[in-house]
Amino acid sequence: MHEWALAEAVVAAARQIAKKEGLKEVKEVVIKVGELQQVELEIFEFALSKLEAQGFEGTEFNISLAKTELQCRVCEHKWLFDKTNLAEDTVEAIHFVPEVIHSYVRCAKCGSPDFKLLKGRGVWIERLRGAK
Amino acid sequence: MHEWALAEAVVAAARQIAKKEGLKEVKEVVIKVGELQQVELEIFEFALSKLEAQGFEGTEFNISLAKTELQCRVCEHKWLFDKTNLAEDTVEAIHFVPEVIHSYVRCAKCGSPDFKLLKGRGVWIERLRGAK
Amino acid sequence: MVDPRKSIIDQRLGKIGRIIAVSSGKGGVGKSLVATTFALTLVQKGYNVGLFDLDFTSPSTHIILGAEDVQPIEEKGIIPPVVHGLEYMSLVFYTKDHATPLRGADVSNALIELFAITIWSNLDFLIIDMPPGIGDAMLDLIRLVANIEFLIVTTSSRLAFETVKKQAVLLQDLKVSTIGILENMKMDNNGCIQAQTGELGLRFLGGISFDPTVEEAIGDKSQLLGTAFARKVAEILGEP
Amino acid sequence: MVDPRKSIIDQRLGKIGRIIAVSSGKGGVGKSLVATTFALTLVQKGYNVGLFDLDFTSPSTHIILGAEDVQPIEEKGIIPPVVHGLEYMSLVFYTKDHATPLRGADVSNALIELFAITIWSNLDFLIIDMPPGIGDAMLDLIRLVANIEFLIVTTSSRLAFETVKKQAVLLQDLKVSTIGILENMKMDNNGCIQAQTGELGLRFLGGISFDPTVEEAIGDKSQLLGTAFARKVAEILGEP
């Protein structure tokens, strides 16, 4: 449910961008959600729909998921995040703060916790479409 | 003159890449040198030419300079590195370890030392051209 | 690509009176002990107080508080549990007893995430326990938290003060609000740190002696607040 | 795009017998004092020794050594100056008395640069003074320095040992060589840290008392080596 907080951030950011770019109307906000954070899309979308009232009446929030790609800094192995073998607690911890993945997950090839998140971490705004 | 040490690193890296890619012969190593580090190109090229003997007899080391672009994390201002107003000592310190720029240079717009080096830091290999 | 999280931080911190980061370029000077005791002292005075542990790779405040078996609640954000009257937040809720090997960029990301999703109530004070150094966490507070104030802790040792001096000069240069310098585990009475603090144009907040009873009191709030250390913290910082 | 610097590090360190990082998840436990005294002790025994300060944002070893007016020489790389018989390297040669607000990525970059360009001679030992924590510097040593060994320093305090324990378990998991745990500024004789070190399956190297004469000796090599602290360091680490 903390998805609500993330939705508020998206709306606040969209408002800032619209202002900066001098948009009178925001037609579409293109949002990417990284798989790592396991955002519950229904809640996130529900929150966005409620927040629409705050100046985004006609706005379409276009959300798509992005796979989470990780790369080991030691052996350069790349892999996609997969929660299958993680405990429920762990997945929940990563849900709140994705970086704690470094406490729980290791490179499958060399065992290192020293890997980068190449993409698909959390929630970001790809672009705004609007009218001036 | 520590350019020699950087040249050795380039040759060692080129050898590793060539091995990894199974190249029998390396025809060209394309090298970029970021302006920030103020590498003395004559010494660097001289060192490379001496090091050629070590397995890079016919290799062309193709060096070009890259401007140094910085961006403030506070106000997002972007600018190009310019040593004009820096003390000689400071330029020398940055020559050895470019990151010490954070001790001496501030964002011209907001005064912050919290900026990123977007590009043009030091020496890197852009690509190798060879024959298998 | 825009990171939306930064845009909500002002709003998340909007209902908080003062935000004070207990900081030091140097490690092991007593930041965590001072921050925790300071926060508890303010609670005793009747203020609404939050304590936020930003030392992600070596968190200590949960040990000092004896904050076991508490966990944030997930609502329209993360609601910090109340520990001894403090709204308390730490990454340790999510890392438990696992080591947390984070590079600076991860520290920064985790910090931004926690600021974006933690829902503090109408606090009079939010006290932040900082990691040592002048790296990602300090730089992020400066850029992201509009009304941040730094309280700098040092010991009497040259090894601590040389670093703290550089940090204090930097914060002054950057026009970041600095409450002053606190000398912890004070060794003698020569007033050397006090004098040097004055030369920097900063306020010397006071000195706190080494108190051998503190170690025993770690994890026990009442015992901690009964130490000479805590009385001194209250004397120096009780009316911030 | 390839960073060539990493490819030369093995060669730069190739003539060095042992590389020991004096480390701690916790700050202020005595890493810098132990590392410096350890290195000086090895010099006294006739070994060829280097001391490399990797605590870029709060460097201390130059103060402990009293290493003023020295500077590396630029040749086919950077030749560390010899200070009290030690080949000595620190970023402070380039940052002087300026604060060095580096984010983790900058720490990592500066560390790689220094490893790539510093020309050590045929050393028996390179002692590394680490910053606190388990961030960029520790992770980089693990990935870049093949035969790195960690010596972990703690104090007797729960606040230090809780963090050190996590670090030690992590290093064991990663199969990184760890010499053992040193208990500095030891407070009592209950053997608690020693027992817990044993439970971790690690070697307990010994305990060193708080020595009030150390502060006076900072910056004066002969005085430092005459302290009870230094005698104890020599006793514990003299035959590593």
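By letter and in written order, the chains are A, B, C and D; residue numbering begins at 1 in each of them.
In this text, contacts are C-beta pairs under 8 Å (C-beta built on N, C-alpha and C of every residue); 3 or more make two chains touch, one makes a residue touch a chain.
Keep in mind the model is a prediction, meaning the values are calculated, not measured.
**Student:** From the centre of subunit B, which other chain's Cα mean sits the farthest off?
**Tutor:** That would be chain C.
**Student:** Decide which interface, B-D or A-D, involves more C-beta pairs in contact, and give its chain pair.
**Tutor:** Between the chain pairs A-D and B-D, B-D carries more contacts.
**Student:** Taking the mean of the C-alpha atoms as each chain's centre, how many Å separate subunit B from subunit C?
**Tutor:** So the centroids are 39 Å from each other.
**Student:** So how far apart, in whole Å, are subunit C and subunit D when each is placed at the average of its C-alpha atoms?
**Tutor:** One centre to the other, that is 27 Å.
**Student:** Where in subunit A do residues touch two or more of the other chains?
**Tutor:** Answer for subunit A, listing residues that touch two or more other chains: 113-114.
**Student:** Quick check: what residues of subunit D touch more than one other chain, meaning two or more?
**Tutor:** 98-103, 106-107, 139, 170
**Student:** What residues on subunit B touch subunit C, complex-wise?
**Tutor:** 73-74, 111-114
**Student:** Give the list of subunit C residues in touch with subunit B in this complex.
**Tutor:** Those residues of subunit C that touch subunit B are 139, 142-143, 170, 173-175.
**Student:** Taking the touch rule as given, give the residues of subunit D at its contact with subunit C in the complex, in rising order.
**Tutor:** 25-29, 32-33, 57-60, 63-64, 97-108, 131-136, 138-139, 155-160, 162-163, 166-167, 169-170, 187, 212, 215, 218-219
**Student:** Which of the residues in subunit C come into contact with subunit A in the complex?
**Tutor:** Going by the criterion above, the answer is residues 1-8, 11, 72, 74-78, 91, 94-96, 98-103, 106-107, 109-110, 113-114, 116-117, 119.
**Student:** Considering only the defined contacts, which subunit B positions touch subunit D in the complex?
**Tutor:** Per the touch definition, subunit B meets subunit D at residues 1-2, 4-6, 8-10, 12-17, 47, 93, 96-100, 102-104, 113-114, 121-126.
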